[in-house]
Structures are given as structure tokens and as C-alpha cells.
Amino acid sequence: MTDFLSQLDPVSLLSITLITATPLVLAAMGGMMCERSGVVNIALEGIMLTGAFIGYGVAFFTHSVWIGLAAAIVSGMLIATLHAVLSISFLVDQIVSGMVINILAVGITGVFYRTYLESATTVGPGTFPHWDVPVLSAIPVIGPIFFQNQFVTYAMLILIFVVHFILFRTVWGLRTRACGEHPRAAETAGINVYFVRYVNVIASGALAGLGGAYFSLQQIGNFLPNMTGGRGYIALAAMIFGKWTPLGAFAASLLFSGSDQVGSRLQSVFHVPIPLQFLGMIPYVLTIIVVAGAMGRAVAPAAVGIPYKKG
Amino acid sequence: MAAAWRGRVVTTVLVPLVSVVCGFLVGAIAIVAAGADPLVAYGALFAGAFTNHNALAETLVSTTPYLGLGLAVALGFRAGLFNIGAEGQFYIGSLAGTFVAYSIHGLPPVLEVPLGLIAGMAGGALWASIAGGLKARFGAHEVITTIMLNYVSFLVASYLVDTKGLMLAPDVSTPRTPDVDPSAVLPVILAGSRLHVGFILALLAVPVVWFLIERTTIGFRLRAVGFSQGAARAAGISVGRTIVLTMALSGALAGFAGIVEVLGVNYHMTDTVAAGYGFDAIAVALLARSNPWGVLPAAFLFGALHNGAGFMQLETQISSDLISIVQASVIIFVAAPVIVGWLFRLRRAPAETVHITQREVDAPVT
Amino acid sequence: MDLDVSWRQVHALLGENGAGKSTLMNVVYGLLRPDAGEISFDGQRVEIRSPLDAIRLGIGMVHQHFMLIPPLTVAENIVLGHEIANRGVIDLAGASSRVHELSQRFGLDVNPRERIADLSVGTQQRVEILKALYRGARLLILDEPTAVLTPQEIDGLFAIVRALVAEGNAVIFITHKLAEVAQIADVITVMRRGQVVATTTPKESSSADLARMMVGRPVLLRVEKKPAEPGARSLAVEDLVVLDDRRHVAVDKVNLEVRAGEIVGIAGVEGNGQNELVEAIMGLRPMKGGRVLLEGHEIGRATTRSRLHRGLGLIPPDRHRMGVVLELSVADNLVLDDYDRPPFARWLVRQFSAIREYAERLIKTFDIRVQNPEQPVSSLSGGNQQKLVVARQLGTLPKVLIASQPTRGVDVGSIEFIHRQIVSERDRGLAVLLVSSELDEVLSLADRVAVIYRGHIVAVIDAKDADRERVGLLMAGAA
Amino acid sequence: GSTPTTGSSCSKTWKVGLVTDVGKLSDKSFNFDSYKGVQDAQADSSLCVQGRAIESSVESDYPKNIGQFVDQKYDMIVTVGFKLGDATIKAAKANPNIKFVMVDYGDFTDNPTPSNLVGLLFKEDQPGFLAGALAGLLTKSNVIGAVAGLQTVPPVVHYVQGYENGAKYTNPKVKVLKIYQPESGAKDFNDPDWGKQQATTFFGQGADIIFGVGGNTGNGGLLAAKEKGKMCIGVDVDQYVSYPDVDSCLITSAEKHLDKAVKTAITTMVQGSFKSGLLTFEMANDGVGLAPYHDFDSKISADVKAKIADVQAKLKAGSITTGVTS
């Protein structure tokens, strides 16, 4: 039993789960801001990839991960602005627009990585420092899991509450939800639907851009083409699984990344011969089940996906 | 009448054409930013796609899967379904078809090839029907389910191809399925090249799909459901069954593309999943404005881009990811014709925006 | 066009469907921009670019289709856009008490904490009015506020309107119901095809005068028909139970029968289970219990398709959602029920010459105004679209016709035509189940009137004995 | 750096083309290192080489991309990874005037080798064994780990198995934790975050040395070791040079000199000494080996160094085997 426990090493398991959930939660909350205001965002993957790339590129040339961080966020906002312009102003189908951004992000990061970063073998800008929160980090179990992390993970933990508060307690949140449910009603109440949607889409870019910084500036200190590896889509799944709420998305992300870690452990530590492919399917299959309503229907904002036309 | 006709020409020909040009212009900016000469790069792209030895034949080889996949997505669009899962259906179709094709021995090609093709189409159809069924039964949005099913299909492919006793060929050093028999191979039609009968089959699929959509009751049903689920239902059309049927047909086309690629080019499957066909297929369908005839030039363009990219990289060492920039830009201009309108002051162009997402979301159909 | 509205007045805006009433008011409220012309308010020229401008001026509007957000609470809906907030954080308690205070003052009884989705239509309307008042509206525009109310609720609304005017406000009251105008209006403006045709008062103009002004010619307000000669039982519904989308019982043990050659009208305020009843009969919604019989045969398990083929016909309540496929051609829409049967299809291949021939015949018979059968239905006017739906249903010679809101949103000329078609088919032996929220339509068309209230048929009355007052009370649940 | 360095001394510019597998050049592994060999040859002005690469995005691109170089009359075509094996052999047979180099593939057993084709085969198990032997001696916890790329890629497995056997050879009590990356398309050999978390897990299990095998995925493992103050072992090339971010944890790298092998093959062509067949790189011909200890040189005892030298000598001499069958 004690052997099992030491092999399971739950504290490290949970700590890794929390860390790897970081970009999922951030991107999922980005998707949430966006979709709560009525705009589908399947561009999370592309935005994260762009954020990871620009963040690293800027950090590389400025030698500051912090400037890189700012750049990651700003670049996320910029590329999200493209999504906003296309889908809100030009009434392009939101899924098409999101998809275009994903393709574009692969192209841009791939081409410019090749040109400017690939052959660089000098030491990179490094990663965000580890910060142990005084006192709290010394608490057993809780401390190592929550209070011995790096910037993006702390930011994620704080942002869960911030986004929840914004969505459900503030004027902005009320207006956002109104635009996502019934934009015309919002407009007759004197709300500028376009403005609300633009801001939320751009905010989603900031969150996903921050999520991108996780890859290049928090975990690796380097950029690699395609390094987000489809996590933007898992984040989308986490958002749905979490029923468009920050806490729900957090729980879903933990479930997804946790199942990943448990799967690896089964192979490496417990030598359980489950094909890894099946473990890899968990997030996707769970999402399908949820979308199919088996765990209580996930109700998307009513107007999500529908371009809003004035008048 | 003449004005309306001219309007049609503008939307179906001019806007895509101008969009392609604009897409290349954006790509040129990227090439300059990447430190190369766009003229050299595009020259190489062109040469690699058309003028080099065998280039045109290779472009047609690359066009072949895009034809099937583009038709698959376009067909879905016509019924208001956004099939992002073409890639997964491509793989599952390939798996099923390959399995049948390498398992069967001793039959003449006239039997073995069709059996392989049918198995491939059935595999794609079944896989796509999952998403169709979930939508029909539970109202699960197909965009989400097909994205998720794509990943599941990669893992299924990897599991089947990598596992001894399943589809992994014995005595090979690389994880792949056994080769299909020569009698299951789609013969080459241009000596000295890889251009195979599958290209002709894919070409024939265009009028077949057009006929299906425009001239048959199935196509009518599919369009009626695509435009208005409510009206279709009230007229006694089973929306659920139509959705499943449409997804199955769409998946069959994607599976067709997959198995043709195996029987015509590779002769086996590997576990390597890195194509991104699903997104390309959507781009092809958008560029074609969901019209089967439009898929023809659109697939050709994508085949040419794919094929020319190698030579472009050879000549300029620009990453072949540049093609993605061109493709994405083209779709932007196609999907937002307003931009083209502004750029070229085609103010009168009645270029309506492309609308895929359903007009109305109905309650699940039971 | 010109329109002058004075304080302390109820100004009725009268006009047929599609006359431009809503459009005009949307311009005043800043939702649409005028192509030309100007708006003055309190003697000042103003430019209203958005609803926000309108709200700032003190203009409030209750839209024909409510502008409420179902998952949000009453208080949230009311304060939306004008939130009481402390540095961005909503003060919901403050909002609730504000709402409470307002509702007390005007006798608009609502609970601020309830979700809109859980409220009745009448209550939702009160929320809409509160919303306008909360924003300090002095000019209140009510766009067809009575369409969804029972006669008794209408009286309640009128009381509120009078109270508002008495406090010095102005109300623009949009309707196309002549009787209401006489009751509430101080001034009447009549619109036709986007233009003001007259400005008058109830004293100066009788209902008949107003109707003539609206339509541009004298109208028959009653349908001419002979007494019915009912035959065998065509359609019967026994103990039918149906659930709505939220899985609440919407139709509760309903029994009903329609005989060949008669029109049974179902009167009721919208949302009392009519749609669920119709959908269950057509197989568009599963039944929870009971039976549906067509000419004595149980059809409760049959698909919609087979019901249509066995002789049921449907004119659906919502033309754009269920009646026509706007993007398809007129001909395609005319064969929508039978597209895959001979002669319109052989095997799987559609037969376009047969389809066209049939379409041309129906277009002529039913006087559908089209340029050619290949034009998309979206290019037809609403009245012609509705005639197309009627033609499709009657063209297949059904035994039973379910006509749900058959003349909604249709001009008077087309209403006359559709009514005449229904009556003449009845005379040839068609059984008609008419569902309409227009009480007048039911009263003038039906041979027997069934009143539905909260999913129950509370009474079935012979047309001769059905008068507005009595049916209205039954519709309100006063049984 | 793509400009050919055709100095005036060159009478002929040798054109060398490289075709990647779908892993692309950015994999920090097979493709990257092989192309580095081409670039090194290009940088060497005495060779007069101009090198180019084409990346493949789907399997059916392999013959076509090889064909691009054939059409351009390249003198030598390098194909990377065993997945291009079939296409390479076929092209070699069809184009006897062009030299072909196949990296990581040696499966000529039932085919007569075309006279213009050389396969570069590496005994990865040997440097893996040696690295494992070192790890076995240096571990204090008697737990060591390996974070690897795809199990379906034979060289990866050879490294890991050699490592495990080597560790047990010097330290029978040692426990080796290992994990292979699950197949997932874009993330194959390209998921350093995953690799990092796996290494972290192993540290939780008591491991104090991590062997990172598998491009960027393995590099993630090295990074974790550096951050947690553990030791790490690089792979393929001397990662002290190629991945300086982790130099402080790097005790050595299990080297298979892909770049050198490719450059060697190019050099034989330029110098007219090209020989077809299989070029096996193993301890015996110094084709594989262990990188210098660098920062750890002073921390590793002479005793350990001697033992490793001994193991190396025995592997060279063939008096011990790694126990790995390929």
C-alpha cells in the first residue's frame, strides 16, 4: 500500500496535472469570453501558437521573458482582432474565420521560425522563474501543488476567479452574456453589440496568447513549430465540458490533463499494458459524450455562431 | 436577367479568382519578410507544379485527394453541415479499404479494386455517421464532434497500424500495414509517372456529386434540410435521417479519397498522421463555393500548391508552411467578398457572404 | 411621411401587416437609419443614431417580439445597459429595489428575481414596460402589445397605458385591430404601404372607415359561408398528452374531433398548447399519451411523411420557419411534400417537366403572383408565400387540413382569398382544424369553436353560441 | 544559411539534396541533425557543396520530393529516416548516376544493394549502453529514467534498451523508468512539455538521472532535470553544444554522429571514394560514442571514468554485447 502510494506520488501527479492544465484553462476561458458574447472561437489553437512564437521571438531578441510575455499577449490580441474583424464586421462564418486563423498561424510561425529562429543555437531567453509563495508554499500537499509555480500558472489560477467575477458580477459580464444570448435585445437596451463582441474576442486573444506563453516561455524556453500540438482544440472541449464557466473549464482541464498523466504513469511506473492510444482518446471521447448531452446538456449561449447584423 | 447572370459570374468566378490573386499577394509579403524574392519563389512554385519533368502529372496526383475531400465537405455544406472531420474519415476509410485490399488474394483486379474502394467508402461513411447520428439524435454540433473524432481516428489508426496481430505487417522495419496485392492497385495511366486511375475516378466523382445534389431526390432532401430544417420536417422529410445520410455520403467521399491514395500511390498505410487534409478540404470547398464543379479548379489549385511547394523550398529554402499562408489568405478573401469588393470597387458585386452554420437550430429529432 | 405625437395622448398607429409600422418605429428608436427626413422631439430637431440616443431622449419601446433575454432574471433584463454599478460591479440588490419601487408605482406586478424563461407572456410584457420606464421613458412605443394577451389582460394593459398618459407621458400604440383603437386611442394615424393615409380620431372615423383607409378599398370583415354539413368523423384526438420543449405538459388529455365538411376552430391565447397539439397530430412531436385517429385508423406512431400521404395536410403557424424553404424555387416548394413520388421523381431522379407543369397549374389556381416558377420563394411577398403554402396543401387534396395561423402576417386581400379557399374546400368535404390566435378569425370561420387554456380544451361551443365576451373569458381560464 | 559557398577554387559544385520524413527539419533530431551534416559539408569550402532540403508533409510526398532533386540533376540525395526506405531504393535503381544516402536504414537483407546507394546504420544501442553504464555508476538513488520519442521508431528503442542494459551492467540494483511518447501526429518528437512532465514524474519516483531520447520531446526531459537540479544525458549529438540551455545538468550525450556520417558520405562522393552498401557506425569504428563530460568532468571520479573507458573498450572489442537485438 505504501509502496503503491509512493509509486502513485499523488502530490507530484496533481502538481503536474495543474501545470499542464494551465494552457487549457487559459485558452478555454478565452474561448468562453468569446462565446459568451456570441462569437465561436475555434482559433484558440492558432492564437496560442502565435502567442508562443511571438512571445519567444521577442524574448529571444530582447533577452527578457517579461517583454516576451507582453508580446505574447499583444500578439494574441492582434490575431484575435483579425477574427473579430472577419466574423463581426465582415460577417464571415465564425468557424471559417477561426479555421483560417489556425492555418495562418501554422504558416506564419513555420515560415518565420525557419527564417529567424531555427538555426539559433545560443542559449535562449530561459523561462519564467519559479516563485514559491512565502509561507503558503510550505504547507504540505497544498504548497507544492499550488504555491511553487511559475508565472503563467499563477496567472491562470487568479484569472479563473477574475473571469468568473467579470462574467457573473460585473456590468461588462452582464452585457457580454446578453450579447451572446440575444444580441438584438442587447442592442435595444442601448448596448453596442459590436463593441462588446470585439472587446471579448480580443480579450480571448489575450488569454489564449498568455496560454501560448506557457509553452515557449514557461515550460521550454524555446519555440518549436506546432508546439501547441492541438491543445487549443482540447481547450475548446474543456470549455464545453465545463459548460462555459471558468470553474467548470478548470475542472475539465484538470480532468483532461490528469487523465494524460495517469495514462503515462500506468505505462512508465505501473507497467500496465493499456495501449496509450486509448488513454489518449479520453478527452476527445468525453467531449463527444458531453456534447451529446449524456452528462446533462451543455447549453451554449443561444446566439453563439450567428453573425449579428444591425437593423 | 442578363444582370443576374453577370452577378452569378462575378460571385462564382471573379471573386474566387481575385481572391486567389490576393492570397498570392499576401503570400508575397510573407516571402519578402522571410528574406526571399517572391518572383523567384513563385516562379519555382509554378515550375514545381507545372513545368518541371512530370510536374503536371504529380500535380494531378496531389489534386486527386483534394477532389474527393473537397466534394465531401461541399456536400456537407449543402445540407448545412460543417464536416471538419474529413481528415478522420480519410484515415478510417483508408484503414478499412486497406484492410480489405491486403486481406483479399487471388481475385482479378476488376473485383479486388472495387472491393477495396467500397470498403474505403464504407469506412469513411460509418465514421462520419457517428457525428451525423449524434447530431440527429442528440443535437450534438457536428463541428465539435468531428474535430474530436479526427483525433480519435488518428489514435485508432496508430493503434491498428502499430499493434502486432492487428494491421501491422509482419517483418517490416517500419510500422505499416502489409502492401496490397498488385491486383488491388489502381493502375498508372501515364507511363513514367505516378498518375493513376484514381484521378479519373475522382474526376468522375464531380459530375456524380453534382447530379446527386441537383438532380436526385436525395440531393433535394439534403438541400431542403440545409436551408430549413423546420420546413423540411413539416413536409415530412426526416431531418435526422437526412443528416445521417448526408454525413455518410460526405464521409464516403472522404473515405474514397483515402483509399484511392492507398491503392493508387502508397499501396499500404503507415501510422504517420500529419497531413492536415481536413482543413485543406474545407478550404477547397469554400473556394468552390460548395459547388461540385467549383471543386474541380479549387482542388487543382491546392494540388498545384502542394506539389509546387517542394520545388519552391528547394530553390529558395523557404519553409513549405508558406503555402498555408497563401491558402489561409485565399480563404479570407473568398469568405469575406466585401474585402475584394472594396479592393476592386466591384460595388455592384452581389457577393453574398458564405453561410454554413445552420439557420436554425432545431430540437433534437427523435 | 409625417407623424405628430403630443404629450398626454395615446397615439394609435394603424395599418395592415407589412404597412411599415414597425419599420417606422424602429427608425424612431434608432434601430434603423432613415434614408431621408428628420425627427423632432420636444420641439428640437434630433438625430437618433442608436437606441442609446433614443433612450437618452426619453423614448422607450416595447417591441413586437419581446427583447428579453430568457436565461437572465427580471432585474438583470431591466437594468441591462443602464446598470446600477459600483466601479463596474453590478449592484443587483439596488437594481431589485429600484425595480420593485417602479412596479409598485405603476401597478406592474413582477418578481425581480425570477428568470424570464419562467414567466408568462403577459408578465414578460410587464417587464418590457418596466424596462422602458426604468430608463426614464416619457414617450412609450408599444408595438402590437395586445397580440399575445387575453381580452382580460388587454384591459389590464389599457389601464396601465392610461395611467402613464395621465402622468404626462405619451404612448404610441401600434396595432392593426380596429376595436382596440376605438377603445384606447386619442389620435389615430393610418398607414398603408409605408405612407400615412390619414390622421383622425376615434370620434371622426368608424371602424369601417378605418378599415377602408387601411386597405384602400372597402373590405368584407366577415366571411361568407353556408352552414356546415358535417359528415363522418375524419380526425379524432383522444386523451392526447404532449410535452413541450422544456418537458412540461403542454397538452393535457385533450379530446377533439373534426368531421368531414366542418371547420373546428381552436381559440386560445398563444402558448396554451396549440403548437404542441398541432405538432403532435402531424407527428412532428412525440406524444406522451393518447391516440390520434385518421378516419378511424390510429396514426399516433406514423411518421409525418406517412400522415401527409394518408391525407393530413398542414398549414404551419410559422411560414418562414416551417412553411417554405425560402432559398428554393416556387416549384420546388410546391412539391415539397411529394418531391420523391411519381410523377415528380422516377427512382431517385427528379422529373422537372412534371414538377413544372404541376407548379404552373397550382400557381394559376391559387393566384400566386410570381414571375416564373423557378424564382426563389424569398422573392415573393408574404401574402404570396402563404398562398403558396395553402396551394401546396390543398393541391394534394387532403382529407383533413390542419390550418395553424393560416393568415398571420398576410394582407387583407390574401386573407380573403385564403379564407374563401378553406371554406370552399370544406364545402367539398374537407375536415378543417383551424388554430388561430386571432379570435375574430376563429369566430368568423369556424363551425364549432374549441377553447384551449393551459393545455386543456375548456369548452367546445357551437359557432352560433360563441360570442367574443364568452370565448374571451374562457381563453383567460375563467371557466 | 543557404547561399552556396562556391569559391573560385571549385571546378564543380556538388549539389546535395535532402528529403525529410514528415517530422520536418525542426525536429531537433534525425532530420535536423542529418541536414546539419549537409550544411556542414556546404560550409566546408574545400568540398564545393551546395545543399538544399525539401520537407515532406505526407507519405506520398517521399518519391515526389526525391524526384525533385533527381530532375534538378543533383549529385547526391540524402533521405532521412527509415520511412523513406522504399522510395529511396526505388529511386536509386531508377537513377544509377545519382548517389543516394539513406539515413537510419539498413534493411538491404533481401535486396541487392544498388551500386549508387549507401545506407547509414548506427548501433544506437552501444552509446545507449555506455550512457546507461555511466548512469548506473552515478546514480545515488538507484533509480534512473529515460524519456523517449515514438516506440515505433527503431533507433529510439535501441537507445533506450541499450541504456537500460548498460545501467544494469554496472549497477544490478538500478531501476530504470522509461516512457515512450504516444503517437499523436503533430506532437511526435515535438512535445517537450510532455517530456518535461514525464521526467518530473520520474524524479518523484526517486530518479536522479534522465536520458532524453527523441528530439524535442526528449529535450523536455533534459530541461526538467536542469530545473530540478538533477543530472541528464543527451542524445544523438553533443547536446552541450546543440542545446546549451541544459548544459548545467548534462553529464554526457549518447552520440550517433548523424551529421558527421552524412558529411562523410558527401565527402566520399566529392573525393571519388563513394562505396555503396551499408555503412555501419559503431563503437569499433568510432561512429558512435559518448560525448565529453564537460562541466561534470571534474565531478566524476577517476574510478568511474576508468570503468566507463573499460566498458567502451570491451564494446569496441566485442567482448561484451549490449543485449539489444535490432
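A, B, C and D are the chain letters, set down in written order, and residue numbers restart from 1 in every chain.
Assume a contact is a pair of C-beta atoms (placed from the backbone, for glycine too) under 8 Å apart; a residue touches a chain by one contact, two chains touch by 3 or more.
Here the structure is a predicted model, which is why all the values come from computation and not from measurement.
Colleague: Hopping along touching chains only, can you work out the least number of steps from chain C to chain D?
Modeller: 2
Colleague: Let me check something: if the centre of a chain is the mean of its CA atoms, which chain is farthest from chain A?
Modeller: It is C.
Colleague: Going by the touch criterion at the top, tell me which pair is linked by more C-beta contacts: A-B or B-C.
Modeller: Pair with more contacting C-beta pairs, A-B versus B-C: A-B.
Colleague: Take the average of all CA coordinates in chain A, do the same for chain B, and state the distance between these two points in whole angstrom.
Modeller: The mean C-alpha positions of chain A and chain B differ by 29 Å.
Colleague: For chain A and chain C, what's the span in angstrom between their mean Cα positions?
Modeller: That pair's centroid distance is 45 Å.
Colleague: Measuring from the mean C-alpha position of chain A to the mean C-alpha position of chain D, what distance in angstrom results?
Modeller: Each chain reduced to its C-alpha mean, chain A and chain D end up 34 Å apart.
Colleague: So which bits of chain A are touching at least two other chains?
Modeller: 113-114, 225, 230, 277, 280
Colleague: Please output the residue numbers of chain D that touch at least 2 other chains, ranges allowed.
Modeller: Within chain D, residues 182-186 contact more than one other chain.
Colleague: What are the residues of chain B that contact at least two other chains?
Modeller: Those would be 155, 158, 162, 276, 317, 319.
Colleague: By the touch definition up top, name every chain pair that qualifies.
Modeller: So the chains that touch one another pair up as A-B, A-C, A-D, B-C, B-D.
Colleague: List the residues on chain D that touch chain B in their complex, please.
Modeller: 2, 17, 21-22, 52-55, 57-61, 63-65, 67-69, 71-72, 82-83, 85, 105, 107, 151-152, 154, 182-186, 188
Colleague: Along chain B, where are the residues that touch chain D in the complex?
Modeller: It is residues 48, 52-54, 58, 61, 154-155, 158, 162, 173-175, 194, 261, 265-266, 270-276, 306-307, 310-311, 313-317, 319-320 of chain B that touch chain D.
Colleague: Touching chain C in the complex: which residues of chain A?
Modeller: My answer: residues 169-172, 174-175, 177-178, 181-182, 184-192, 302, 310-311.
Colleague: Over in the complex, which chain C residues touch chain A? Could you list them?
Modeller: 26, 29, 31-33, 50-52, 55, 61, 63, 66-72, 76-77, 79-83, 85, 88-90, 131, 135
Colleague: So in the complex, which bits of chain A are touching chain D?
Modeller: Per the stated touch rule, the residues are 6-7, 9, 11-13, 16, 19-20, 113-114, 118-119, 121-124, 126-127, 130, 215, 219-222, 224-227, 229-230, 261, 263-265, 267-269, 276-277, 279-280.
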